[in-house]
Structures are given as structure tokens and as C-alpha cells.
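When the chains are written out, they are named A, B and C in that same order, and each has its own residue count from 1.
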Amino acid sequence: MAREIPYIAAVEEALHLEMARDETVLFYGQDVAPSEDDKWRQAFGSDRVRVSPISETAEIGMAVGLALAGYRPVVELLMSEFMLVAMNQVVNEGPRLRYMSGGRVKVPLVLKAGYGFTAGWAGQHTGSIYSMFCGIPGLKVVVPSTPADAKGLMASAIRDDNPVCYLMHYLLVLEHGDVPEGEYLVPLGEAAIRRPGSDVTIVATGWTVGKALEAAEMLAEEGIDAEVIDPRTLQPLDMPTILASVEKTGRVVLADQATRHASAASFIAAEIAEHGFSSLRAPIKLVTALDATVPYSEPMEAYVLPNEAKITGAVREVLGTASAVA
Amino acid sequence: MPGRKAKAAAGATAPALDAGTAYDLLATMWRIRRFEERVAALHHSLLVHGLIHLSIGSEGVAAAVCRQLRDDDAAYSGHRAHGHVLAKGAPMDRVMAELMGRSAGLCRGLGGSMHLVDTAHGLMGATGVVGGNIPMAAGSALAAKIRGTDQVTVIFFGDGAVQAGVFNETVNLATLWELPLIFVCENNGMAEFTTRAEHTTVESVCDVVSPYGFDRQVVEGADVEAIWSAFGGYLARARAGTGPFLLECRTHRRRGHYEGDPLASRSALDDEGWARLDPIAQLEATANKRGWIDQQRARTITAQADVDVDRAIEVGRSSEPLTPAQAAGLVYA
Amino acid sequence: MSTTDVAALDDERLVWIFTQMLRIREFEERVKRTFEEHPGVIRGHTHLADGAEASIVGSVATMEPGDQLMATYRCHGYPIVLGTDTGAMMAEIYGRRDGLCGGYGGSMHLVDPERGFLGTSGIVGQGIPQATGVAFAAQLRKQGQVVLCFFGDGASKQGAFHESLNLASLWKLPIVYVMENNNYNVGTRSDQEDANAAAGEPLSVKARAYSMPGVTVDGGDPVAVYETVRAAAGRARRGEGPTLVESKVYRLSAHGNLIAPPGVPLHYPEHEAITVFGNREEYEAALRGDPVPRFRMRLVEPGTLSAERADQIAQRARDEMEAAVRFGLDSPFPEPEAATNHVYA
């Protein structure tokens, strides 16, 4: 039974259900449950739910220790950039421990943070830096774009026995969508086809999924039928779904809110170039943020980001229908 | 060879407040107060957008500290920087224009509230990441030491930053290297939305640095005279090339953590309670009692502040945002 | 094992302590000798605990069933005391299939979770927050477990140290932070990088910043270490929170073997006191104060342990570690394809 709830409520619903289901799941971080009558503390007690100081290295390092000692911590980091303060713990510790022990330990933990908040929060709070967590063996990265996925991926991330960066998108927190009640799991590593189509493949993540869908509507009016794919998990990446689409359409546009060389689009493009080359009828086109720290001023902020027009323009280019661009 | 500097006698060359200085400090504090109040209103009407943290309640620290600094002294601040920036001498219109995202802004609209920079006045940077630039301030101080000048660096930070590892890393180095660095902590007992007691067992920031043994003290943020005197004493010694020092100012954060903070109303004081913690009310009372200022003069101060803020808003509104092409050229040096 | 705070160490226990110290010393000697006797067998970087045996054994001897520990890349000593198979340990250091971790981690990343040794970090200070998390888990389980967190003096300059001790104090976690202060951080002396050391103060004063007790102990005396750590563990077990124990030791080898690109034979250089600071006298004095022969004398002189029995214990340790070396050398290498196993659980 599904009903419409906002993205942010869906995230919390999953966390709540998992904490009720499994008492080894913990939840802590800055500004988490500061008061006694906070709903999390009321539900699960002050042992399992805690507020911690601004100490990312300790907060994330502790999560590793808790996981080694048999717990499943969810750490609230608020913004993905704050993980940078503790990058060593994020990429160089937790994900590597199982491997270096020859499989003797496991590190189940979830690093929960928001990203992409391009709403005037200026250069240090608006990044899409998920690529820093990609390509680290042992570390998984999810980027849900719908409320249903936000719930299903959080539940799966908590149940996963590995460290997972759960990156929710701050521009989507109030977006409503159908979310099943009760236990609901979305497997990690599985892409979703948001809109089937036959003329061009658009791969998009997070907030750019919505942009891609709007672009697809605009293109439909021109008789162009776009297929929109949302990987949902960046690591491990569901390339078979993407490659099947490329085989069908032969043309690819990759939309990503990150800057070019820090985008998931860049490594998706590399995979397509290597494994889908024979299907391609045009070069792959990337639509990413421009190479600049996100500016504060509104018109400039909008300028550096991907949008529907840039996506439709890229589609016309790969279809060879674009007019000469200045 | 690094070593512990000898503790100088307390009270060495601690300057006293006089009528003229008190007037200047009041003027600065009112400028900050009026500026922040208007920014709150502008934020409500969306002329100023994004994440805004106001300094209402801590103007005394900004004024008493920055009034004693030179343009070539460096100051770093955190996300709650408007007061420090104005007090250190950044032109108000350029600060306002920055908050409005216009090209006339201090950072041409590229940084916004949390990233105000004005190197001409020694304002080396603010940061949105708590504690993020504490080590940078140590770098400034080290540069002064290497150059052999009498420049001093001030790092403004809140009590929330003290639990961050980088704070301790910097304290150790500043002590080891005897850097001319003055830590000015605005301890308002709140870090974002939670109280200090939920972050640490050690109530006073002075006690957190006690293992390092450098000179430090606590003053009330509403007692501008005490801040003036304490900071002045440290400043004189820092100019002689020694340090570090820590001044812990107990302030009150009048508004929520940020503009729009839904929890703000919860901790609101009544008028009497606020008046006791308001540095402006307290300094005005003191100045009145000592015959340094009268009601009429006090009114001209606030009137002038309003004029300045009006003008700043005008300048901001009439400035255009930077064009994308202009911004693109600023990514690299 | 008694559960009182300061349990008297009977003769048997003292002999056991001596035995473990000898085993660690012999193991580390054999690791070091491998560089000469079997060049190329050990790759990368190893870090030896010779000189710290008294501190290691004295600390680990306080552990009760269920207690746990985490350590740094200088980790060989702790599992030896816990009873981890030394053949598997040596094979791990030799990168072999039968190594403790299948050859995946090497010298710096030994682990034996079933015996309470939850792991190490190769990054200075980064195991401290992890151990703090293990203590958080222990607190939740309410089974009276205590966690020992081992690190060096260099780690106390890491932000992770500050953040972890603050939190452990705030939440009264059942942990003992054991700082093995050997006065060096690789090739830097503590007084060059630490304001307290520079001022001639013990590093245990840092505990003041976290409302926790800080105590300094002679890490060359296993009984003193035992009593100090035992008292701290008692505090933790009673829910009174953490303690910072500064155990003063002197490592008898260089920080680690020479770091060099392939082709250059790896070996152990002299201690940095000599190679960097030209202070041979300091090193010689440390050799004279070597805790292993010192403790032997302390047991043999009053007759607690006969010289013959002490010699037997030493011989058994030599035999054991000779067998460990053989086991390691005889163990095959893992299959290359195994490299992609164990990435995920």
C-alpha cells in the first residue's frame, strides 16, 4: 500500500523501521535528538540515539569501531562536505579493514549526509562530491532521487554488511512521491529506468533525474523519444542496464550535478566507451556542472549547473539535429 | 628551540576605556546591530538569500577586539562573521552587496555571508565548516613570526569548534611555536542546535587548553570594558612576538543558529534577561553613568547607523550580479 | 584471574609475564633477522615492539575474558600475549596464504577478533576513535567489558585523539587509553612537536582537557604498568569512565625498516637517536635499561625464578619463533586471483 509522503519523511521512515527491527542499529551525529522528548530518543532510548559534538574524525572513526564490535551505526553527517574533514576514516579505514584482515572482520555502517544544496548556501555547502567516495573498494555509494528509493535504499544500506555512503539530495527533501508502507527494500547496485524510450539514452542522478525527465517531455514534443535511466547506486554501478539501453538507442547523454572530472558521468562514460563502443552512433556527451566552486549569487549559481536546456541541447547534438552553436 | 614562554604578570599594560573609545565602540556595535536587524528583514523578503547567521548579542566582542587591531593584523572568523567583518573595517555597503550576491560585494557575490574576505582590512577569510580555518590563523601568525613583524592574528570561533580535533592540533602548535595568535572564543553555550553540555564535560574553554598553560581568561560578552582591557593586554604582548593567548567571551546568541531556525523561539529571554546580556545596553548604561554619553548623543549614533545601513542596502540593490563570464575567470590565480 | 582492582601478582603470574616478554622479544628479533637471513621475504614496512615488552604485557595482563583492544601498526606484541598463533603471524608478515589474514594485510594490519584484538590502523591516531567506538559498543552491551586503546605519543597530536577523549569522557565509556611514549615520532623527538614535552611536562597532563585522570608510569616495569592499567580498567568497568595512561618506554629498534624502492635491500638502520640526532649515549643508556633482562634479574635474584628455568623459558621461546619462521617460509603464497576476494562482506 503506497501513499504520498515527502522524500525526507521516507528517509526517516526507513531508519525508524530498521532501528525497531534490529537493536544493533544506532543513530548518532551532530544535532541528532538533542532533547529528551525527541522522537528518536523516545522510541529507541538515549543509548542508541545520541548527539555528538562537531568531531567528524571521531564520529566516523567511532562508527568503524562500533561496526567492528558488532553494531550497525548510522552516522548523521548533515552535509557530504563534512566528511572531508575525516576523509581518512571514510575512505582509508572502514572500507579497507575487511580486505586487509583477509575477510576476518566486517564493517557495516552508514554515513548519512545531504548534498547538492545549490540554494545560495555558497561554495562549501553545495557540492556534489560523491566521486570522492567512488572507486574505493569496499565502500558503497547510493544517491536516491525519489522518496520511494530514499526509503528503500536506506533500509538496504543499513542491512548491508559494508560501509555505505548514503547521500540524500537536499533539493529533493520536500518532493512528494508514492512510498510503500512497512518494510520496503530497494537493492543496492540496481538502476531504474525512469522513462522508457528508443532514440537516446539519458543517464542522470539525484536532482538531475527530474531535469532529465523534463527535458524528455520537451524532446517528446519534437518527436524525440528519450530513455531516462537513474543508476540509484553509484558504487556498485549497474552497467548492464545502462549498456542494454545504449545498445538499443546508440546515443548517450550523461547528466550530473558534479563538476566534470568529479562526476559519476565521467566514469560511466568510460565504461560505455569501453564496453558499448560498437553500439555508439555518436560520441558520448556529458552535461555536468561547470568547473567552478558553486557561486553564491543566484544567477551565477544557476549558470554553472546542468538544466533542461543544456540536456536537450546535448541530446540534439548527439542526434545530429542541433543547429550551429555560437 | 621551542619552549614554554614565561608567564608574564597579569595586568601588564591593560588599556582602560575612555569616553572617546566608548563612543567609537557604541557606534560600531550599533552599526552591527542595525545591519543584522535589516539583514534579517531582507532575508525574510528574500533580497538576501541562503544560509545567514547573525551576530546579534556578540557585537561587544567584535567591537572591543577589532577596534584595537590594525589593518595589517589578520582576523579569521567562522560562519557568524558579519560583526567581525564590519568591526574590522570592511565597508558596510560592500558587505551588504555581498549578502545580496551583487558584483559590488566584497567577494563580488561569489562567497556570500559565510565567506566574507577583505584582505585590505586583514580579513583573511571566514568559513562555513566549523573550525575549518583555525589552522589557517596559525599560518598567518607563523608568517608574522618568520617575517619578524609585530603583526598579530586573531581567530574568532565559537565554543562548538573547540571539540573539533583541528582546534587541539592548532593549540599544540601555537604553543610549541609561541605564535602571536589570539584565540577569541565566543562561548554562547550553543553549537548549532544543542547545548555545550551535550558536547563535552568541560564547561569552560579555558579549561580545555589548560594542559598548554598559556595565558587565558573568561570575560562576560556583555562587559565591553572587560573585553577591551583583557584583549588589549594580550595584544600588547602578542605584538612583542609571543603567544598564544585565549580570551573566552561568554556571549548570548539572541537569534537562532541561522535565519529561519525553527528552534530559535524556544530559548528566547525576556526583555530584562536580554538587557543584562546585551553588550550595547550594558555599555550604554556604563557610559551614561560615567557621563561619557547622553541620550541625545546615543540617538545620533543609532540614527547614523540607520543611515549607513540604508545606504549600504541602496548600493547593494543597485549593483548587478557578476556575469558568468566574469566569474569563470576567477577559478584559478 | 582475580577481578579485584589491584590483584596481587603471584609468582606464577610473574613468571608468565616474563615468558610473554621473552616471546615478544624473540619474535621481533626473528622478524628483524629475516631481513638479513632471508632478504626479500618481508616487503614494505614493519615496526617492532622490542623495548616495549614490559608495557605491552603489563597492560594486556589486566584483560578479562570479553575485554578487547586496538593497536597501531606497531602491533606484533599484543596478539602474542593474547595467544595468537605465532606461525600464522609470521606467515602474515611474510605475505603467505596461511598468514593470520591470508596475506592480505601484512605486518601493520594484524587482527584476531576472536581473542579480542579488533585491529590496527596504519594511520597515526586513527585507531583511537575506532577503539572509542568499540568501547561505546561495550557500554551498550552492559557485560562489563573494557577496551584498551594503544597508541604512541605522536598520535596525541592528532585531532582524532582530542575528539575521542572528549567523547569518551562525556559518555563515560569503558576504555583505557594507553599512550606508549617512546619519545620519538618516527624521526622527530617529542619535544620538537609537543608543547608539553617541550616544556618538560609528562604528556599525561593532556588528560586535564577531558576531565579524566591522567597518570604516567614507567613502561619498563611490567608490574607497575599492570597495577596502573588494572586500576584504570577497574574505573572503566565500574562505569566511572576513561583514563589516560602514559607508559614511558624506549624502542630499541629504529621506527621501522628502511623504506626503499624495489631493488634496494631492506634492512633495519640504527635508532634515530643515533642516525638523526647523533646521540649514541642516549641509545646506549636505553640498552643498559633494557626491560627484558631487567625483569629477569628481578625474578631470578630473589629466587622467584631459577636461572635454569629462566634459560628454559628463553630456549622455548627461541624454539617457538624458529618454528614460526619455518612455518612462514614454508607457507605458499596466495593465488593471485584471491586478490579480489573479501572486498565486500
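In this section, a contact is a pair of C-beta atoms (placed from the backbone, for glycine too) under 8 Å apart; a residue touches a chain by one contact, two chains touch by 3 or more.
What you are looking at is a predicted structure, and each value in this text was computed from that prediction instead of being measured.
K.L.:
Tell me, please, which chain's centre (mean of its C-alpha atoms) is farthest from the centre of subunit C?
P.N.:
B
K.L.:
In terms of Cα-based centroids, which chain occupies the most central position?
P.N.:
Centre-most chain by C-alpha means: A.
K.L.:
Quick one: report the Å distance separating subunit A from subunit B, using the average Cα coordinate of each chain.
P.N.:
37
K.L.:
Which whole number of Å gives the spacing of the CA centres of subunit B and subunit C?
P.N.:
46
K.L.:
Roughly how many whole angstrom separate the Cα centroids of subunit A and subunit C?
P.N.:
Here subunit A and subunit C have centroids separated by 41 Å.
K.L.:
Return the residues of subunit B touching two or more other chains; collapse runs of consecutive numbers into ranges.
P.N.:
Only 163-166, 199-200 qualify.
K.L.:
Would you please write down the residue numbers of subunit C that are in contact with two or more other chains?
P.N.:
Only 159-160, 163, 166, 170 qualify.
K.L.:
Pull out every residue in subunit A that's touching 2 or more other chains.
P.N.:
In subunit A, 52-53, 55, 57-58 touch at least two other chains.
K.L.:
Tell me, which parts of subunit B touch subunit C in their complex?
P.N.:
The touching residues are 2-4, 163-169, 171-173, 175-176, 199-202, 207-213.
K.L.:
For a test of understanding, state which residues of subunit A touch subunit B in their complex under the given definition.
P.N.:
30-31, 34, 51-58, 81-82, 85, 119-125, 290-293, 295-300, 303-304
K.L.:
Any idea which subunit B residues touch subunit A in the complex?
P.N.:
Against subunit A, the touching part of subunit B is residues 49-51, 98, 101-102, 107, 109-115, 127-132, 160-161, 163-166, 191-195, 198-200, 321-322, 324, 327-328, 330-331.
K.L.:
In the complex formed with subunit B, which residues of subunit C make contact?
P.N.:
That would be residues 157-163, 166, 169-170, 191-196, 198-199, 205-211 of subunit C.
K.L.:
Spell out the part of subunit A that touches subunit C in their complex, as residue ranges.
P.N.:
Interface residues on subunit A, with respect to subunit C: 26, 47-48, 50, 52-53, 55, 57-71, 73, 88-89, 92-93, 97-108, 137-138, 140, 161-162.
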